[in-house]
C-alpha cells in the first residue's frame, strides 16, 4: 500500500464490503437498542482482524503508514451506515494524535500494539465546547499526571479503552491527556440518547492517572476539537448522501394515485434541491480531507465550516426523508429517523450553530 | 341545560368545571395523552370521557335528543380554549366526537343516530378511524379492503394502518370496497364495524418516538351489519370526505391555546438557560411567536366568516400553517436545550422538548400531508389546472 | 352611510371601480415614470369629487363620520394597484389625527375644508425611525411653533400640501406638528426611487411655521409611527394578494412543454405556499384594522407585527411572481417588478426587520 | 507561444498583461459591462476584444491553427480568476468564445472552422445567440422560427427574444425549424446568420433595471447560406444541446472570484454603516460567505474530476447554486444599505447594490431557469421518473 488513489479506493471498497455484511442499517437498528449500544464483535473485526487502527499510524510505530484519506474514508463508510460505537472516534483520535507530532507517538504505538479503541472528551457542563473555559485540572509533570474534572456528552466512551481528555495544568495551560478507562478514579456513565446510534457518556475523573499526549506550548486541544468537528462533518456528509439515496430509491418504486410518487414534480424539485445540498456538503468534506492531509493552516476554519454545512445538510435531507416517505417514515422500524436523529446530534455536538458560525466568521477574518 | 347561555357564562361554566374535576379525582390526568403521549393513562382517560359525558360536555351543538347541548361556534372554540388552558388530558373520544358524530348527523339513518350518538355523548363508546391502508397513504381512493355482502352482513377482509386508539376502541368506521370491480372513488362503502370480534386483530406500530399511538388493524372475515352502513352502498367516498372536512374543524381554533403554552414554555426555558441571549435563537423564537399570532388572526377571521363550519379550503390552509409551525417549534425546542437535549431517560424516555421534536414530524404527514394540502389549495382555491 | 358591513362593501366597490378605470396597474406604470410621479387628476377626483378625505372625519368637523374600516378599505384598494402619490398617506394621517383626539380636530376640519392632501415625516438621518432619537426641534408655544430639522425618505410629500412632522420642543418632549408645504422655510426635495411607485422626499425645515397637532403629554409621535406601519401593512397585504392573482392567472394560460405551466406540480405547490402566506397577511391586516377601530391598547404591537408580516409576504410573493413569469417577468413593461420593488420599500421603510422584530418582542413581553 | 507553460507562469503572464492593459489604454473600461451593466462602454469594450485577441487570450485550449493557444483546464480557470480579480470589462465576446466556438469545434465543417474561428480568436467578430422565442421560454424544443430552403440559401422568418448583444453582433447562431411539419426536438437546424442584412431587425427589451441587456430579434425573410448550417439538416437540437453544455462550463469556476469581490464589498459596507452589528444581517452575511466557500469547494472538486469539461449534470448543480446564491446576495446588499437603498440617482440610475438586487433576479431565469435545472437534476442525476 503506497496510498495511491487506487489503494484508497480499494481500502474503501473492502471496508464497505465488510460493513455491508456486518454493519448495515438493519444491523445498526438492532445494535443501537441493545444494552451496550454497539457491536463488540464488529469492533474486534475491524480493529484486531482488519487492523484499521493502524491504517494511518506511521510504519515505524507499527502501523500501515497510510495517509489521512485512508482513515477519513473509513469514517465516511461508518457514517453512511450510522455505525454506533468507538470506531469513528478511534480513527478521529488517531488522526488528531498524528497531527500532534512526536509527543503523541508513544500513544500511537500503544494504540497499534494493544489495539486500543479511543474516545475524545472535550465538553464540560457550563463550558460546552469553548476550550477557553475548560475546567478539568491536570496536576503532575513529565509522564505522570492526575486528572480531576467532569466531561459530558462524550461520544464513543462506552466502547473505548482510552479517552483523550482536555485539561488545564497548574500553569493554566491547556493540554491533551490520555486516560485509561479502567484506571482508578475514572467513572464512565453512558446515557441513553435521542440519537440512538450515538450514545453519549459522562466521564468523571478524580485524580485519574494520565499521560500527556500533546507538546507543551502547542494548540493540542484545538487540534482535538478540529478533528472531532471533522469527524462529524465527514459522517454527516456521507450519511446525507446515503439518506438521499434511500429516499430517491423509495420514490422510484412507491406508487400513489397510480404513479410512482417520484414522478410528481413537486417531490422531484425538492429532491433536486437536496442533491445540490448533498453535493455541496460532499465537496466541503472532501476539501477538509485535503486540508487535514496537507496540514494546511486553515484547519480550524475548514473543520468548523464543514461541520456546520454537513450537519445542517444531513438534518435537511433526513427531515425531508421522513416527510417524503410519509407514514412509513414515521415508524421506528424504518431507517429515516436514524438519520434524522443523527443529524440533530451532529448539529448540537462540538458547538452550537451560533458558536461555530461566529468562529468561522472570526477565522475567515470577516 | 336547554336554554342558551352567553359566551361569558359558558366560559365561566366550563372553566369552573374543569378546575374542579382536574384538581379533584382527575388530578393525575392533567397533561397526559397529548401529542406523542397517546400511550399514557388509558384507564384514567377512559373514565375521564365518561365524566365529561355525564357533565354534558360532549356533543356541543348536537341535538339534545342525542345528548348534545346547544352551543354556538364561538362557544365550541371557548370549550377547546379552556380545555387546553386547563391542561386537561388528551381526548380518547376525539375520533368519536369530531369525526364519526358529525358524519352520522349528516349522513346517518335515524336508527343509526339513535343508537350510536347517545353512547358518544355519554363517553361510553370509543371509535377509531379505518381509512388509511398500507401502500395507499394519502391516496384514500386507493382503498383495497374488501367488504362482501352476505345476507344482512358484510364480510370484511383487508388491512388498515395509522389507526390511532384501535387497541382501545369499541367501534371502527371503515372505508371498504364493496364493488370488487371498482377503482378509485367509486364502489366504496362506509361501514361501522365492532372491534370486539374474532375477525379483527390490532397490532401497535412503534413510532420513531419509541412509543405507539398508531396501530395496524387486520380484518379477516370481520363482520358488519348492513344496517350499519352509513350512506348508500358505493357512496362511501362522499361520506368519508364529509368527515375529513369536519376533522380539520373547529378544534383547530382551540388548539392555539395549547400552542401558546408550548411556545411560552420554550421561551421560558430559553430565558432560564441563556439561549435567549443568542440572537439567532431569539429571532427564531420571536418568529415563532409572530407565526402563532398570524395563525390566531387567521382563525379569528375564519370564525367570523364561518357560520356553520369551516370549508375544506380554509381547513387546508389552517392545517398547513399549524402543522408546519408546530414542527418548527419542535426543532426549536431542542435547539434551545442545546447538547443536553441529546440525553434521554432510561428506556428512551423523552422529555417534553424531545417528544415535541420527534412527534411533530407526524403533524405534516397525518390527516392529509402538507403535499396533499398544497394540492387542494392549488387546485381548489387557486384554480390551477390538474 | 352608517358604517354597516354593507356600506363598507359599497364604499370599497365604488372606489375600486373608479381606480380600475383611472388608476389600474397600466396607469401606475405610466404615471410613475412621469415627472411628478403621481396623477394630479386622480388626486383631484378622489379628494374633491369623491370626498375621500372626509370619509372618516367626524361629521361635526365636516366629514362623513364613517369608522376606521372605510379609510383602510381605500388604502387597501390603492395598495392593490400600487397607486403613487399622497392619497394613502393622507388617509393614514387622517386616521392618526382621529386617534390623537380633540387636539387634532382643527387639522381635520381644515383637511375637509381645504381638501388637503397629507404626508407623514418621521425618519431622520442617523435616527431612522427610532422616535427616541428624533432631532428636529420645535420652538414656540400654544398655536405658534417654528420647526427646524431634516426629515428623510418621506413618502407622499411630492403630492401633499401639509406634512405631519415629529419634533422635539425645548423641554425635550416629542410632539406632532403640521407644516404647510408652501410655507417659508420648507424645502421638499423629491428623489427618484428604487420603488418607482413610491417617491420619497427629503423635507428640510428651517424655522418653518407649524401648528401642534397632538396633545402635550401624550404619545402622538408613536400614534403617527403606528399608523404609517399600518399603512404599509395594509398596502402590502392587498398588493400581495393582487400579485398572487396576477401570477396564478398567468400560470393558467401560459403553456410550455404543451401544457399550461400552472399544471406543473412544483409550481402549484409553490403557489399554494404563497396562498397560505397571503391568507395569513390578510388576516393579520384585518386584525390590525379591528385594533385601530376599537382603539385597543395593542396598537403599537399589532402595527409593528403586521408591517413585518405583510411586507415580507409581499416580498416573497413578488419575488416568486418574477421567477414564475420567467423572462417576461424580468421586463420593465411587466407589472411583476412593481410589486417586487414595492415589497422592498415596505420592508425598509418605518423600521428595519430587525428593529421592528425587537419591538414586537418587547411589546409582547417576550 | 506553442510550448506549454506551468500554471504559475501562466498566472504571472495573464496577471501582468491585464495590469498593463487596464492601467494603460483600457483604464476606463475597468468595471464596465458586468451583470446588469451590459449597456456600458460598447465602443471601448469592442476594442478590448481585439486587444485581447491580438495578445492571444481568446480561444484558450483551441487548436493553434484557428488562433487558439494551448492551455490546460486549470489554466483556463486561472485566466477567469485573474480576469475577474483585475476587474476587467464584461466580455462582448462571451457568446462567441464560450458558445459558438466550442460548437463549431465539435460540429463544424473544416470550412466553417477555418472561416469563423480565427475571427473569433482575433476579437473581430461578435456573435449572439438565437435560441429563446416568445411563448417558448425555457422550452427550447418549442422553436417556431421557420427556415425554408431555397437553392443554396435558407430564408428565415420568425422571432427570437432574450438575445443579448444582438444590437452589436455581426452574426447570430439561430435554431430554426427547417421541417415545417415537425414538432419538438425533431426538424430543427442550427444556422449561422449574418446580422447586417435587410431581413434582420433588432429591438432592445427594457428590463426591470430600466436598462437593456437583452433584445428581441425579428427575422423577416432573412437569409443564411446552406454552407453555414452547423450539423445536418434536422439535427439542430443535438448541436444546440452541445452548446448549452459548454455555456455552463469552465467560466463558472473563474466567476467565483467576482462573487468574492461582491461579497467583500457588501461586508465592507456593512462594517462601515453599522449593519454588521445587527446579528440577523451579520448571520446572513456569514452564511453568504459559507455558501460561497461551498461553491468554491464544489468547483475545485469538479475541476479535479472533470478532465475535458463539465458534464451537463455538474453544470446544472453549479448553475442552481450560483444563481440562487447571487440572487440572495443582491437582496442582502440592499438590506445592508437600509432605507437609503430606496433612493436612486436621477433617471433611475442605480448603484452597485441596487443593480445587483434587481439584475440578479435574472440569474435564476436565464440560461436554464432554476426549475429547468431541478428537472434535469431530478431526472438525469437522481433518475426519478418523468
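Note that the chains are named A, B, C and D in the order they appear, and that numbering of residues resets to 1 at the start of each chain.
As a working rule, a contact is a pair of C-beta atoms (placed from the backbone, for glycine too) under 8 Å apart; a residue touches a chain by one contact, two chains touch by 3 or more.
The chain lineup, named per UniProt: A, B, C, D = Acyl-CoA dehydrogenase.
These figures come from a predicted structure and were not determined experimentally.
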Centroid-based (C-alpha) most distant chain relative to subunit A: C
Pair joined by the larger number of C-beta contacts - A-B, B-D: A-B
Length of the line joining the C-alpha centres of subunit A and subunit B, rounded to whole Å: 41
Approximate Å spacing (C-alpha centroids) for the pair subunit B, subunit D: 55
Distance from the mean Cα position of subunit D to that of subunit A, given in whole angstrom: 42
Residue list for subunit A, restricted to those that touch at least two other chains: 264-269, 357
Touching two or more other chains - residue numbers and ranges from subunit B: 279-280, 283, 371, 374
Residues of subunit B that touch subunit D when the two form their complex: 279-280, 283
Interfacial residue positions of subunit A with respect to subunit B in the complex: 123, 128, 152-153, 191-196, 200, 255-257, 264, 266-267, 319, 322-323, 326-327, 329-334, 336-337, 340, 344-345, 347-349, 352-354, 357
Subunit A residues within the subunit C interface of the complex: 264-269
Sites on subunit D touched by subunit A in the complex: 267, 282-283, 285-287, 289-290, 293-295, 297-298, 300-301, 317, 320-321, 371, 373-375, 377-379, 381-386
Residues on subunit B engaged by subunit A in the complex (per definition of touch): 132, 135-139, 141-142, 161-162, 205-210, 278-281, 334-335, 338-350, 354, 357-358, 361-362, 364-366, 369-371, 374
